[in-house]
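Next come two complexes, and both contain chain A; in the first it sits with chain B, in the second with chain C.
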Partner chain A sequence: MNLLSRLKLRGGVHPVGRKELSAEAPICALPLPERLFISLQQHIGAPASATVSVGDKVLKGQLIAGSQGMISAPVHAATSGRVVAVGDYPAPHPSGLPVPTITIEADGDDRWLDFDPPADPMALSPEEIATRVGAAGIVGLGGAAFPSAVKLNLSRKSGVTTLIMNGGECEPYLTCDDRLMRDHPGAVIAGILLIQRAVAAPQVLVGIEDNKPEAIAAMRAAAAGTGVQIVPVPSMYPMGSEKQLIQALTGKEIPAGGRAADIGVLVHNVGTAYAVHEALAFGRPLVRRIVTVSGGAVTVPRNLEVLIGTPAQALFDFCGGYKDVPARLVMGGPMMGQEMTNPNVPVIKGTSGVLALTNQEIGRPSPAPCIRCSTCVRACPVGLLPLEMAAHIRIGDLGAAVDLGLKDCIACGSCSYVCPAHIPLVHYFNYAKGDLSAKERAKLKQEATKKLAEARNERMDRIARDRAEAARLRAVKKAAQEAAKKAAAEAKSQATEVAA
Partner chain B sequence: MIAAIASLTTLGLMLGLGLGVAARKLKVEGNPLVAELESMLPGSQCGQCGYPGCTGAAQALADGNAPVTLCPPGGRDLVVQLAAKMGVEADLSGVKDTVPSIAEVREELCIGCTRCFKVCPTDAILGASKHIHSVFREACTACGKCVDACPTEAILMLPVPVTLQTWYWQRPVMGAAA
Partner chain C sequence: MTTLTHSPHAHAPISIGRVMATVMAALVPTTLYGFWLYGWPAILLWSVAMASALLGEAFILRIQGRAVRPALLDGSGALTAWLLALSLPPFAPWWIAVVGALFAVVIAKQVFGGLGQNVFNPAMAARVMLLISFPVEMTLWAAPTPLTAAQAPGFMDALAITFGGGHWDAMASASLLGHVKTEFTRGVDLTHSFTGQFALADAAWGSRTGSLGETAALLILAGGIFLIARRIVTWHAPVAMLLGVAIPALIGHAVNPARFLDVWPHLLSGGVMLGAFFIATDPVTSPNTGAGQFVFGFGCGLLTWVIRSFGGYPEGVAFAVLLMNAAAPVIDRYVKPRIYGRTRKGAALPVKGG
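For the complex of A and B:
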């Protein structure tokens, strides 16, 4: 990474990394928990629909919920055991709202379903790779959890010139991708080559922040002779964001409102590549992932291989519990992660870390008035004006905020991080985006109900018309009958007269 | 003299004819504002405003006979939109900041009389005689007609339940700061 490309990057912040807490702890497997709470909404898109019911015996890797709709992902049992509940359970989400969840009681055997993996995954056709990735329930493991097969299929159709593998891991504390690249570089590279084959990308770049020299060395060794290029990128938050990483590696910027595919780029996380390798080489669906357990309140921070559905509390307990009172539990990184309202919420596919942060680490200074110092403008990696947008949102003028580019905000939180007045800028933007999409939904609903009302009015008119028509026909018929009767009676009386 | 009179007369006649044709050919059907206002209204023809359906309400608004606060199901957002369209200052003091709500049938009280679904303007109620009725949440506009029609008070207007898909961060509470 030369100076010139460094200059091209806009904004960004340098939060204290705190990766040293867990970076030297090799991945180890968490012992099997008693119960797993497997959420049916672990991905962006439609929730999966359960295919098992209470009492069913399941094996590890067995499909327990199928994907429904275009953008969705199936869910598999993470261990062997018995389904004890299919119903609502708190979601790992700041709202703490319930989400449909399948609860599995582990039988302790942890026995895999028998798979029939292909002899040579690299011999599979691109379509077949995408289909198998979809069937394995693989979603973006960087945190966004977008179904990977959908991305592969769209990119294959639109054409990809550069496949970028995201090993940035710019969030403080998190070391799961770092450890994965150090401990399993061969499997990661094998997964990258499969993804490359699935989208026929001529160029593959793996972007790794230069604060992970061991990971860069391990990946370079594994990638030798494969054509995969390992490129160190400057350590800066949010380097692990798709838009920033693309810009750092290719110099190209995604147009406002556009997608990576618009400039012929596809970005996947290195964790996703590992999952793809597992799915194609061994037939194993995505039932486990690497999770960093860290934070000032954790006794022994480490990186664990965790079954999807394990309650977060089990991870903290395995790491020696708390050495300090945790002031806040966070799922994901401290910058963009979500607060956990309940320590028993389960690990999902997109969980990169669980953090127990102390009061000192989170800091809750009260906000002061904006002095228009524009520090947030310099920090914004997208080039927006956070102070202006927040001022408009504060007075309820969301339209003005949209005009200033609210929809291009990636919610990275750099602005809030640097604000000397501690204004919760990114909170304003999240609120405004939520409010705008609620309004959008209301508008769609109004359009739909308007159509329903029109259809009903039309139907009512038609029924009234039909009734009137039927009544008229009846009247005509009756009149005809009466006329006939009259005629008959007259004929009869005439006949009697004649007879007389 | 005669040439001048003739030419001006011809000119006058031609312009008059042109205007006459234009008046017929380019005639404006009704007030275009009415159509625009109607498209903003909920369109469920619930009649809570006292006008015969949303077209009537839009007509009254355009004529200036009705305040922009006339539509109860539209809520605060609609008032703001209508006020902006009409170029008037909206008096929001009387507008209840209603949360979006929908009808729900209390099944233990429903006697299956079918009266509610007969009045529902958007066919949002499913039911049959002597069977418990149910509301399609997606189609309900919270107009409240069913509540008035129900003989056993089995229909309640409840706030739309928040789900993971619809939840979002509340506006930050900042006081006078920021």
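For the complex of A and C:
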């Protein structure tokens, strides 16, 4: 199966891994920072809404912001202390724009709220598991941060034949999932079994890139007898992408515009499984995660257990600071991560790594003309023509780029990585996607406005018609009354005449 | 404040300059062999072509108001001149190299918009222009006179040959394909004209009459394999071009040996080897996909065979490449990779229940 699936996968690149920087550093906990900046928009979907106010005392794990709407996730206090601010704080986003954030001043006790975990989480019903996962604020920890409970509920309804656990970790530098699988394989497997129960999946495959033999061995030992299969997959970027991992493990493709559930597959990250286990076995909501601190500029790269809301700078400081001038700070991996323009932005649920990269590592020569070498075409895991798409976007012909498959682009960055002309291809595609969605929104808005205007016109017409009708009826009535009166008067006078 | 950055925050250690340098490195063996085989005139001709291309490109960039240094340093102009020089008769006069190199970089490349914008392979466009405009100079072949041989022209003789219009005894030689074509026009068929003309070992090593750097088939093959191994080019276009020549040659020769040359003389004569590995693989003027490059390469090979067998010119590689260059956008239009989650036609894959 492995050879066959290898033949089926297309494209991909082999970036310099640099995982050796941090792969041998066991997970250790970052000391409690003084303040935590807990963002209310850490997930895909509607931001959570604060349920505490300034001055409130909170305990670790206490709900501080509730989920809003269908796709959203609650947020919990990551340590015990006092709420000192509820307001805007810079988000880990290239724009550096502020988002609603709750600031907690740690009291140093780091005292958990008292939980009453179920005696046997595996005895819970699938619905109950999903509910608890949702209440624990668990989102996809691979980076996308999609609320996990939403995925569980949708998948349970549509039916899942294969649950795939993503232990690919194909991004260079990142070793947080690797370390998690090596250091806590039992908890990860326990979490996987809970997810399996939640969606009633008959088959569970854990895909791990074959550059992590220790993780594969540890997970195999922990999975023995559970029915969970550990499957090594070739080390290739973007193996950790949902679409590519599904294809590598099952040979199936998600239909364009569809979801994994359409082919009976559900994909979760191994870090998410660990969080699910924490939430169900101990009642602990998602308030901490493993973060890889690495990059050529970091003195001692390591894997840290970090409270959500910890400023990135604290992580670098704990790793001995910088040994070299960092040319760029990145949150996430180097292929798809985002630049941190402000080192004090907080760690969020989706933060897999914080990197301090040197000039030599990022390599930023100026773009040259495209020589149509089609290295990007060979690298694209989706089967797109990046050079053609970029050429069309360059001249503003977004429609042609869409025809070439722009919307199928997964923004993995493989094309930009290999381009000998150093053309920022992904940048072009993201720009075009942003422009298109803005246009779509504008169009929807315009349509909505038009509809409203039409409805108003119709309403006004109707009102006018009703008024006219009422006036006419009144007139008719009045005329009838007058006629009756007149008739009556005439009758009366006639009667009088007759009487006279 | 800060410049806008974007992922990925890493890059493969590759650049256009490096791609061009790798291709030039792959050309070094056959070029050095050509220098040895044809001596000083070849070295002078190559140098003149390189210098003219670089000066011409610098001039045209300057009058366009574009940065000269980065465009020259990417090595694309030098590579074009290099390939053109390899396709010239080694004893051709200096002005052939000058006119050809200037035509290649100025007309065929910069006028179209510079690097990456040209529709036709500049070296082949220049070669065709020269062949049509100066047929005498472009078909004056020299018999191999290795640098080490006694009858080889010395440096001063070479200056006279390249710059002085001086003649050299060895220049009366004819290329194999030219000889065959000439004999055909005289009504002599292959069974008479071809005997003793072709030695497989000589052809493979390159010890034959021909262009400056097109004769050493094995050295060109080695350079091509090096490029494929370094992933600068893929196997599609070269293999397809060789097949495109070999398959019709095999069939033709089997059907009528007196009329059609055998497969080995076809593959090892003229510019087929250089064309397959270094011209058909030109990224700018070939299709984008592996399958497209295969179609392109096969077309180059087939047209080469057709022109050689039925056309007015003895050699057809340059014409074939230009014709296929013109077809490349059409090939790109029809040969596209299948997009993940979609059928070949672009529709979403059907959703299978369960």
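The working rule: the second predicted complex is superposed on the first by the 448 of 500 C-alpha atoms of A that agree within 3 Å, B and C clash if a C-alpha of one lies under 4 Å from a C-alpha of the other, contacts with A are read in each partner's own complex, and residues count from 1 in each chain.
Please note the rule applied: a residue touches a chain if its C-beta (ideal position, glycine included) is under 8 Å from a C-beta of that chain, and two chains touch if they have at least 3 such contacts.
Because the structure is predicted, anything quoted here is derived from the model rather than measured.
Q: Between chain B (first) and chain C (second), which, if any, makes contact with A:435: first, second, both or neither?
A: first
Q: Answer with first, second, both or neither: which of chain B and chain C does A:221 touch in the superposed model?
A: Neither chain B nor chain C is touched by A:221.
Q: Quick one: name whichever of chain B and chain C touches more residues of chain A.
A: Counting residues of chain A touched by each partner, the higher count goes to C.
Q: Quick check for you: in the superposed arrangement, does A:491 touch first (chain B), second (chain C), both or neither?
A: neither
Q: Thinking of the overlay built on chain A, is A:99 touched by chain B (first), by chain C (second), by both, or by neither?
A: Only chain B; A:99 stays clear of chain C.
Q: Taking the superposition as given, does A:423 touch the first partner, chain B, the second, chain C, both, or neither?
A: The answer is first: A:423 touches chain B but not chain C.
Q: Just chain B (first), just chain C (second), both, or neither: which does A:449 touch?
A: In the superposition, A:449 touches chain B alone.
Q: Pick one for A:464: touches chain B only (first), chain C only (second), both, or neither.
A: neither
Q: For A:368, select first, second, both or neither according to whether it touches chain B, chain C, the two together, or no partner.
A: Both partners, chain B and chain C.
Q: So chain A touches chain B in one structure and chain C in the other; where do those two contact lists coincide?
A: Looking at chain A, the two contact sets intersect at 94, 368-370, 421, 424, 427, 430.
Q: In their shared complex, at which residues does chain C touch chain A?
A: 2, 4-16, 18-19, 70, 74, 76, 114-117, 234, 283-284, 286-290, 332, 336-342, 346-354
Q: Which residues of chain A touch chain C in their complex?
A: These residues of chain A touch chain C: 10, 13, 15-16, 94, 159, 161, 172, 243, 247, 253-258, 262-264, 328, 330, 334-339, 341, 355, 357, 361-365, 368-375, 377-378, 380-385, 387-388, 405, 408, 411, 413, 416-418, 420-422, 424, 426-427, 430.
Q: In the complex formed with chain B, which residues of chain A make contact?
A: Touching chain B from chain A are residues 41, 91, 93-95, 97, 99, 366-370, 390-391, 393-394, 421, 423-424, 427-428, 430-431, 433-435, 437-439, 441-442, 445-446, 448-450, 452-457.
Q: Residue numbers of chain B touching chain A in their complex, please.
A: It is residues 42-45, 77, 100, 121-124, 138-141, 162-164, 166-172, 174, 176-178 of chain B that touch chain A.
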